[in-house]
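Labels run A, B and C following the written order; every chain starts at residue 1.
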Amino acid sequence: MKEQKKSGSDTNRNVGKVRDIVLPGEFIDEKKGRRVGKGAYFEGDKVFAKVLGIPIVRENQISVIPLSGAYIPSINDTIIGIISQVEISGWLVDINSPYIAFLPIADAVDEFVDVARTDISRFYDVGDVIFCKVSKVTKDKTVRVSMRGHGTRKLYGGIIIKITPSKIPRIIGKGGSMINMIKRKTKCVIYTGQNGVIWIRGVDKAKAIKAILTIEKESHTVGLTEKIEKMLSEGD
Amino acid sequence: MVKTDEKLIVDGKRVDGRALNELRKIEMTVDIVDRADGSAQVSFGNTIAVVAAYGPRELYPRFLQEVDTGILRCRYNMAPFAVDERKHPGPSRRSTELSKVIRLSLEPAIFLEDFPKATIDVFIEIVQADGSTRVTGINGASLALALAGVPMRDLVTACSVGKVDGELVIDLNGIEDNNSDADVAFAMLPNKEKITLLQMDGLLTKEELMKLLNMAKETCKEIYKLQTKVLRQKYEVV
Amino acid sequence: MESYALELIEKGKRIDDREFDEFRKIEILPNIIKKAEGSAMVKFGETKVIAGVKMELATPFPDTPDEGMLVVNAEFTPLASPDFEAGPPGEDATELARIVDRGIRESESIELNKLCIESGEKVWGTFIDIHIINHRGNLLDCSALASFVALLHTKIPKLEDNKIVRGEYERALPIVHKPINITVCKVSDKFLLDPTFEEEKILDSRLSICLREDDKICSLQKQGSKEFTLEDVERMIDIAMKKSKEIRKLVEQH
């Protein structure tokens, strides 16, 4: 933990401290039978970092949370996508990734649809925002999404911002503590996708965005929750 | 082509006052191109390279896509105003070869298999050239790739070494480069001590070459320290 | 075919039963192009390359007013391989030409200062053009050898009233050093020479080494997308040194 010069009257001495970061190729720990998770790789019994990020060394797993990087989809991810093209039996969805996703009609519409006669853009059209689930990812990264499942829906109105995907957990916080605080203080409805896409609708969007971008920038520091709380409380 | 008949090393001191095994002043700055996924500016003395990395991102045209692996594309370019006599803009045979050689120096470090069908694009612009431009670019590319979150086995660190006026030296500047007995471009994976770039032209005995390679290895270790420092520094200041 | 080649190599054998440091059958045919001032076709098994040398009048560079010019160009002609496309040289052809150029230039094999006609105004330009006729692997070593043999047989044409008289010659191109290019390939922990087209696809990396007759190294170029160690480099140079002597002897017999 590195101390950093701070000015002013911060009572919490942990605020502003940064976590140790690790660089690609740096040694993290001996494998010792543990699982090597995302962001790390092993050679023999040594585990090294694959990305620039924060190492997480636990009893059963070693991994690294990247501080940047594109979204590479995994099955069961919940994400926010934007319909980019209407096809015959489904839609192409921009999921903020080098890979485009396909939403098949069977996973999007409950009623029977005669694709030969129906213009399916009446269900989802180009530009529509959807909160959906990744239902399949093949080895060569062909991606399918689905509107089946808990919580999936079309998102109306609102605006979209994109942040580094690996920082979404920080935006959510432990048990949702961070995101709930932001929602409460800004009176906004906010959806976060594991693909780094965030959808916001409500009164004080600007405040919410500022908070979110601050978390993104300082995600590697400790005591962020207090700082954000303070930021959101200004003008209360 | 600035050839000179004058002695380049007098009393163990080089034209710019350096000792034989002394590096030029090195500066590294990150986040120069804010819309790139990762970027850096690296300078060795008067040689300045600006590097940007984009990706992984979609690769078009589709026929370039590889089903089971991502690819790396690299473009090395020298600005017309970077050298004494204006260099014609656009690719030259030299920049074509260097683009290939630089790409092959970075590829071994990247986990390309993690992003099939996609591409990582690295652009190196030499805005001022005073010798050892390709290795300066590689050092910057390494930073840009790490900042972009590209999965890598290691950073890549590069330097030049050579024989000038019969002496073995490190980090050749422009005039030394053009008048050397031999010059070597070298890059390696610093934590693995594996060579990813090796080019040499001139005349060297095998013994001289092996000596130079060891000097290059040690020099890269010093440069690597600077690379890690600048990457950590970005996240130290809040 | 490629995975079979790899399997064999790991067991210590090659598809065509060659030793790891053995070249395919080398054929050297000098002076095959009558219109060129120098030429040669070299074959390594089925790989065939023609190098032609044309001597032309040129203006010297300002900082070397008394030195002749050397230009090397390579064409990966589409007929030579289904992978070659028509058009200007791509990165591989460009790289090959530049490596061959460096070998000849850095070894100082051509006495460029004996090619001056009028200091600062006119010099002889040695233009080497490499044409790949059939690509079955190891284009670089084959092209470098073809270029060198062509140079050895190049004659400088007569000059009358500042015009070149083709077909009449005044002297041989002054060659004083004999550079030979050997590319040593690494496949897992083994080193091999003169890879076939299939073997090239499964190589980990290569080091192209140009050696002079006094064992001085005049150029090095690492190729391929995997890395190697300093120890590997030393081994590869030793292998190349031994082989370059054999090949140089072969050239001297032609």
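As a convention for this text, a contact is a pair of C-beta atoms (placed from the backbone, for glycine too) under 8 Å apart; a residue touches a chain by one contact, two chains touch by 3 or more.
These figures come from a predicted structure and were not determined experimentally.
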Chain grouping by contact, computed as though subunit B were missing: A | C
| item | value |
| --- | --- |
| Central chain (distance from its CA mean to the mean of all protein CA atoms) | B |
| Chain whose average C-alpha position is farthest from subunit A's own | C |
| Chain centre separation in whole Å, for subunit C relative to subunit A (CA means) | 54 |
| Rounded Å distance, subunit A centre to subunit B centre (Cα mean) | 34 |
| Euclidean distance of C-alpha centroids - subunit B vs subunit C, Å | 27 |
| Junction residues of subunit A - those touching two or more other chains | none |
| Subunit C: positions in contact with at least two other chains | none |
| Residue list for subunit B, restricted to those that touch at least two other chains | 189, 192 |
| Subunit C-touching residues of subunit B, taken from the complex the two chains share | 1-3, 93-94, 96-97, 99-101, 104, 107-108, 182, 184, 188-189, 192-206, 209-210, 213-214, 217 |
| Residue numbers on subunit A that touch subunit B, as the complex places them | 2, 4, 16, 18, 21, 23-27, 39, 41, 48, 50-53, 66-70, 72, 98-100, 139-141, 164, 166, 218, 220-221 |
| Residues of subunit B touching subunit A in the complex | 37-38, 55-59, 67-68, 109, 111, 114-119, 146-155, 189-192, 228, 231-232, 235-238 |
| Of all residues in subunit C, those that touch subunit B in their complex | 61, 63-64, 89-92, 94-95, 97-98, 102, 105-108, 207, 212, 215-230, 232-234, 237-238, 241 |
